[in-house]
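Two complexes follow with chain A in common, the first pairing it with chain B and the second with chain C.
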Partner chain A sequence: MIYLDNAATTLMKPRSVTDAVVRAMTTAGNASRGAHSTSLDASRIVYDARVKTAQLFGCSRPDHVVFTCNSTEALNIAIQGALRPGCHVITTDLEHNSVLRPLYRMQDAQGVRLDFVQADRSGKIDLNAFERLKRPDTAAIVCTHVSNLTGEIVDIARIGRFARENGILLIVDASQSAGCMPVDMEEMGIDVLCFTGHKGLMGPQGTGGMCIREGVEIRPLIEGGSGVQSYRRRQPEEYPTRLEAGTMNAHGLAGLSAGIDFIQKTGIRTIMEKERSLARAFYEGVRKIDGVQTYGDFTTPERGPVVALNIRSYDSSEVSDALSVDYGIATRPGAHCAPRMHRALGTQDQGAVRFSFSWFNTPEEVEEAVRAVGEIAGA
Partner chain B sequence: MRESRDFLVITFSQTADAMAAEKVLTQQHIPGRIIPIPRQLSAGCGLSWKTEAEEKEKAARCLEAAGIRWHEMEMVRLWV
Partner chain C sequence: MALRYYILFANYEQGLAMRDLLLENGIENRIAPAPRSIQQDLSCGMSLLINEEQIEAARACIDQNHAPYHRIAALEGQIQPRRDRYC
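Coming up: the complex of A and B.
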């Protein structure tokens, strides 16, 4: 099989990741639940993962790295825990439902007022729109770093400067960029960075989290066992315990740690360049095929390693199914949990077939995929 | 009866701080290890660092230098 659905989850992981998970499953007890050797092993695994995550993302404090099951959980905690009733929030058309739905929930239940920076037909946003949409009561900007549909990169550093200048909280969804390109909270002016572990970071599913800048207050979404301060009536105040109730996924975090090690050893820029060159080669191959329509702005080399396309007016689901059944190529069709972006691109009915690339893909696989697209388009 | 004597016990309000402290104190060759918090210091559960009384100032300096918060530093009579 040729696996080109890495924006959904990376299937090929470094061997060190699976080894670390297996090792942890046979040695790690419950983190923060006692001081016997296996519990301490688990606590050390979790803490090491905090240190490595903080280093990777330029977070000044490892104890401000909070682990969750995925980006969606982190974004829910950040959005529901940081916003106050009735405040004003600016977000964008590029967002995934993991941002949109918690925001709509806050809109419905807490009277939060939303404004959207609109995307054009190529899925790009006008960064000056943030200034135009700003109001005196604007409390937060919630913005993706990279579109999961087109691979468009948003200039977070510029938005970060704008947010800082105006005292606006910046929450960033790094689901598609973490592990695929440099992400630095300090340099980019990010207050809360939400990430998942199972995509570019090459870790297991069920890992993810958020990095919180010092001084940012987020209320817990869930409360429960913490292993510390047990007679306290409510969840402890300190990060990360404030936002981490219940048993940690130490087994998964061992794998995430190993994934980050792999990325640091290989070099994030080396990974970025390879993934980009694979995506670019695929784009250059398919764009010449009659009947193929790609989405997004390919005039810049600085893109996430994603190419979304349609063939003629074919249902994207049928195309993806044919790729899978006839060619053994894994892609994702349909709506990609990004409803506003599909409307902007005009693909709300057809959906789109998304090809997404990872460090472990090869130029030969790209050639195969281009050939398959050509055959389907010619049939 | 098991023999007991006084030890310095450093407590933390959460596990992440205890893990950070373990890393720094071990790197600085301060003898000791993580133990469950003795009941004299906490009615809850959690982790603490058990070491010798004479390590107090050095341990405090190391933790301060590393920006690691601790909750208490107390002498506690514990099993040897």
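Coming up: the complex of A and C.
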């Protein structure tokens, strides 16, 4: 199989990741639940993962790294735990349902007022729109770093400066950028950075989290056992236990930790350049094929390693099925949990076929994918 | 192009259970992405492709077992059918 669905999850992981998970499954007890060696082993795994995550994302406080199952859980905690009823929030058309649905819920249930920075037909947003949409009661901006559909990179540093100047909380969805390009929450002015472990960070599914700037208050979404302060009626107030209830996923976090080690050793810019190079080669190969339409702005080299396309008026699901069955190429068709972006691109009915690349893909795989698209298009 | 018959579902759990049920009853099917044009708002991205000759047997099996699904839809194929395999 040629796996080109890395924006959904990376299939190929470093051997060190799987080794770390297997090792943890035979050594790790329950983190923060005792002082015997296996519990301490688990606590060490989780602590190391916090330190490495903080270093990777420029978070000054490792104890402000909170682990969750994925980005969606982190975004739900951030959105539902930071926003107050009736406040005003600015978000964008680029967002995934992991941002949109909790925001819509807050809108319906708590009177949160939403404004959207609209995307144009190429999936780009006008950053000046944040200024136009700002109101005296604007409490937060929730924004993706990279579109999961087009690979468009949002200038988070500029939005971060705007947010800081105006006292607005900035929550960033780094699902598609974490591990694929540098992300520094201090340099970018990010207050809450939400990430997943199983995509660019090359860790196992079931890992993810959030980095919280010092001074940012987020209410817990779930409460329960923390292994500490057990006679308190409510969840501990200190991060990270404030937002972590129940047994930690030490097995998964051992893998995430190894994934971050691999990224740091390889160099995130090296990874970024390779992935971009693969995506660019694919784009250059398909863009001249008669009947192929790509989506997004390819005039800039600075993009996420994603190319979304359609062939003629073919249903994107049928194209993806043909790629899978006839060519052994795994892609993602349909809506990509990004309904507003598809509406902006005009692909609401057809969907799009998304090709997304990882460190472990090869130029030969790209050539094969280009050839397959050409054959399906009848070129 | 020939018509293709898709069983659509509200979620993957329904779809995978249906695939097992149909195979247990000798009704061949193949998992395929659900075409956007027939998904509507209530179905998921997974569907089961079945042969036209087995539609009635599938319906009977579904009814008999009260198996949940969204709907069955027919759609003309758009790409040359080099991949009509029901395994």
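We take it that the second predicted complex is superposed on the first by the 378 of 379 C-alpha atoms of A that agree within 3 Å, B and C clash if a C-alpha of one lies under 4 Å from a C-alpha of the other, contacts with A are read in each partner's own complex, and residues count from 1 in each chain.
Here is the rule we use: contacts are C-beta pairs under 8 Å (C-beta built on N, C-alpha and C of every residue); 3 or more make two chains touch, one makes a residue touch a chain.
Everything numeric here is computed off the predicted structure, so don't read it as measured data.
> Label the relationship between chain B and chain C on chain A in the superposed model as either fit or clash.
Here chain B and chain C can both sit on chain A without a clash.
> Pick one for A:Arg303: touches chain B only (first), chain C only (second), both, or neither.
Once the two structures are laid over each other on A, A:Arg303 reaches no partner at all.
> Between chain B and chain C, which makes contact with more of the residues in chain A?
For chain A, the partner with the higher number of touched residues is B.
> Just chain B (first), just chain C (second), both, or neither: which does A:Pro333 touch?
second
> With both complexes superposed on chain A, which partner does A:Pro62 reach: first (chain B), second (chain C), both or neither?
first
> Report for A:Ser226: first if it touches chain B alone, second if chain C alone, otherwise both or neither.
First partner only, chain B.
> Thinking of the overlay built on chain A, is A:Val319 touched by chain B (first), by chain C (second), by both, or by neither?
second
> Which of the two partners, first being chain B and second being chain C, lies in contact with A:Gln350: first, second, both, or neither?
So A:Gln350 only meets chain C here.
> One more residue to check, A:Ile376. First (chain B), second (chain C), both or neither?
It touches chain C, and chain B stays clear.
> Classify the contacts of A:Ser32 with the two partner chains as first (chain B alone), second (chain C alone), both, or neither.
first
> Tell me, in angstrom, the smallest C-alpha to C-alpha distance between chain B and chain C in the overlaid model?
38 Å.
> Between chain B and chain C, which residues of chain A are contacted by each of them?
Chain A residues touching both partners: none found.
> Mind listing the chain A positions that touch chain B in their complex?
31-35, 40, 43-44, 46-47, 50, 61-63, 226-232, 236, 238, 240-241
> Which of the residues in chain B come into contact with chain A in the complex?
Chain B residues touching chain A: 12-20, 22-23, 34-36, 43-47, 67.
> Show which residues of chain A lie in contact with chain C when the two form their complex.
Residue list for chain A touching chain C: 312-322, 325-326, 333-335, 349-351, 376.
> Please give the residue numbers of chain C that touch chain A in the complex, ascending.
Its residues touching chain A are 32-37, 39, 45, 75, 77-79, 82-83, 85.
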